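Once you scroll down, you'll see the structures, which are given as structure tokens.
Next come two complexes built around subunit A: one with subunit B, the other with subunit C.
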Partner chain A sequence: MAGQSDPHISLFSAEEVEFMAEDELIEIVPNLRMDPLNFICGDFGPFLPQIATQVPFWLAVALKKRGKCAIRPPQWMSVENLTQVLERERESQGAFQVLPFHYVEISRLLFDHARDDIPDMYMVRSLIEDIRDVRIHKVETSLEKFSGTSAVKIPNLSAMEVNIIRPFVGRALQAFYKHDNPEKIPDVDRPSSAQTRVANNEPRRPLRR
Partner chain B sequence: MASSGGEWSAEQIDDYEALISTTDVELLKKAWRNEKASPEILPFEEALVKRAKEQIQLMEETVDDFEESGHDPLIVSLYQMDLDRVQFLLRSYLRVRLQKIEKFMFYIWKTDTYRNRLSIEEEKFTERCIRDMGKHLEETVLSKMPDNYQSVLKQSVISEEDDMVPEPQLDTFVVAKCERTTRPLYLDGSRQSAGFDSRDDHFQMVPGDLCILRYRPFQEELTSGNISLV
Partner chain C sequence: MANYYNIDDILAEEEFVPVVFHKAANGVVIDPSSETNSVEQGAKVELPLWLAQELYLRQAISISVPACFSQRTRLEIQADAACVDLKSRSPYFYEFGCKIAPLVGDKTIEILLLSAFKIRYKEILTKAYTAVFTTTSKFLTLLTKEETNLYEAAQASMAAFKKWRMGGPRLQRASVLGRKRKPLD
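Let's look at the complex of A and B:
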């Protein structure tokens, strides 16, 4: 069906995760004069040249594409901060550093549409890629600790990371639960092996796009 | 807001600010995420959908007016984008529900809890689905089967339950974000505390927590809005 992700591969498609991230607010510096916009999703503006204002990401990108504003990268996106995050991310084996829930999507949107607004863009991009890789690796090793359980806290995991591990971890935990409680889950409506294989082999696909 | 005097507690102000800053779009997005992620069909957000439809209609009229009155095309296109995003959310929300109905139509129909969660239109849809699916199965397969095997709902006449009806699997695992502190839950089994975080025998979430949960024990927390699915 148009506009729907295939629920068997991933609950939310990469596009849908990005859609959610686009509602996050970001600061822009407009270079045009425009009255306030009264949207269904909220009121934004007024827009005055050189006066910074907060808008949702999709609006920032739309204005940026038309050359009507500069986007101010969020504070956490500085080389200093990211270097620290990466260092701490490497040092601590179990825990994840605090990053915005949509950091992967936000940085991707900025790299795609506002590269001239990011100081040290290449450095920032490679730092974020490194952070992402370290975190994904950490997720993979942490999975070994999962066993029969009904609830696992996954502090500071981001939206994209959640979306990647969900098919595999969800099924794994369900399998643990089923083996622990054989009487509770009837063996109907099992996912076919084909679906499981897709979920297992391609957990990283959305990130590599 | 509430800057005068100290009559309000910090918590009240937080609640109030959360309330006025939460738009219907945010609520719709949450409803959409929950519906997409939960294995069963959730109560239909009737009031919210009604409000969203009204706002969409209003915005459509506004955009039309803008176009006719020769407004700046940039502004018109920005309003159109806002409109498109809300429409996508609403359509996707309704479609996810229809997909669930198609999957579990027989079960939803015979289970009052689920049936009461449908909108009037969805109820009609379910009825038609059941009729068409029944007719289809009848014509293609069942009429050619021996007498004892002709039920749409049962494998054979000796089945005691409706064993050919797919049911939602409530023991699937979902990812949830905590909105309000949940009540402590005593989960069954002895090994709840694996993973990143070791706890006593009960499990509790505080705002901001992110967890992978088995859906069944947390059903109530979801319908009460203490947690939302991501």
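Let's look at the complex of A and C:
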């Protein structure tokens, strides 16, 4: 799988990562009556007014834009939970807290399209931005530590964070590898060797039937 | 010749290395200081790496360690690798070092490269993600081509993320839309 953007800068652009995040499921409360929708990725619906149902994010956004549903913000997106996460994130220097793999993209999409559905929207928004800044700073400090290794393990990184550091880390690791083993100089550019390893920690989601 | 189509690889091989000729060669204008079109035996000349490599394999020359890996540079790198101006020594310091090390049979070059990169890597990392561009412009002039690539990769991905976060128009209008159709004759 390869991104459509310039492959030398980064494998995926931020927009492409956002696109992938739109496959995540989210709960909506429709206000229209509609038969079930049968997609390749699964069947969704039936849609009955005031009966909550799970749909992919892109469908939720499309319905929301037409005023046909209200989006229920996910469980983790509450002020209490985010405050806790932020505190723990600040306390522990090395470890990252467990957050949804696409939390950056999902929160951005919700803030853009479903402002009225999120209680305490401004509080939630600033909390998530704080969490993200703290985490990105932590990624940088943890990157400072490695030297001369050929693999890195940073658990619980999210998709966007991985994507930001991917080009840098890939090149740096390749340089370390090259200078560590002068005989075994790799002859192909492999910019994503480290990050595929990190990303693979996320359990693969099978296609729904 | 690891990567035939890589421009950086080609340019790295353009770097000059000091060599000593074992055999006399006639009809070549390699040595600009000689009056005739020939190179005498025992002449000391600077050749680009790609030529030196081939002549070395034919045992026509012996290669000595280039100036950018001199004792002085090594001492400077040991003192503080982050502040050494490697770009003026060789814009392809690392690549060149990797290529020259087996030819001169000097294992210490590899160790030097690794220790230099370890320290300079940290410097690049902190500068690339946190510092503002104006404060780093002086630092950038010290970096070799390989390090600049690394720095720019980090900067570009961070800038792309920030641009995405700030938003802007999500849908771009296709250039064909809104154009007036030409009337058919």
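As a convention for this text, the second predicted complex is superposed on the first by the 182 of 209 C-alpha atoms of A that agree within 3 Å, B and C clash if a C-alpha of one lies under 4 Å from a C-alpha of the other, contacts with A are read in each partner's own complex, and residues count from 1 in each chain.
Just so it is clear, a residue touches a chain if its C-beta (ideal position, glycine included) is under 8 Å from a C-beta of that chain, and two chains touch if they have at least 3 such contacts.
Since we're looking at a predicted model, the values are computed, not measured.
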Touching partner for A:R66 - first (subunit B), second (subunit C), both, neither: first
Which of subunit B and subunit C A:R108 touches, first, second, both or neither: second
Partner chain in contact with A:S142 - subunit B first, subunit C second, else both or neither: first
Touching partner for A:V79 - first (subunit B), second (subunit C), both, neither: neither
Partner chain(s) touched by A:R166 [first = subunit B, second = subunit C, both, neither]: both
When both partners are placed on the shared chain, which of subunit B and subunit C touches more of subunit A: B
Which of subunit B and subunit C A:D180 touches, first, second, both or neither: both
Subunit B versus subunit C as contact partner of A:V98, first or second or both or neither: neither
Common interface residues of subunit A - those touching subunit B in one complex and subunit C in the other: 147-148, 166, 178, 180, 185
Touching residues (chain side subunit C, partner subunit A) in the complex: 2-3, 94, 98, 101-102, 110, 113-114, 117-118, 121-122, 125-126, 128-130, 146, 149-150, 153-154, 156-158, 160-161, 163-165, 167, 170
In the complex, subunit A residues that touch subunit C: 9-10, 13-15, 18, 108, 112, 136, 140, 143-144, 147-148, 160, 163-168, 171-172, 175-176, 178-180, 182, 185, 187
In the complex with subunit A, residue positions of subunit B that touch it: 23-26, 29, 33, 36-37, 55-56, 59, 72, 74-75, 77-79, 81-83, 85-86, 88, 91-92, 95-96, 99, 166-167, 169, 171-175, 185, 187-189, 191-197, 203, 205, 209-214, 217-218, 230
Subunit B-touching residues of subunit A, taken from the complex the two chains share: 1, 3-4, 7, 11-12, 19-20, 22-23, 34-35, 37, 39-42, 58-59, 62-63, 66, 68, 94-95, 142, 145-157, 159, 162, 166, 169-170, 173-174, 177-178, 180-181, 184-185, 188-189
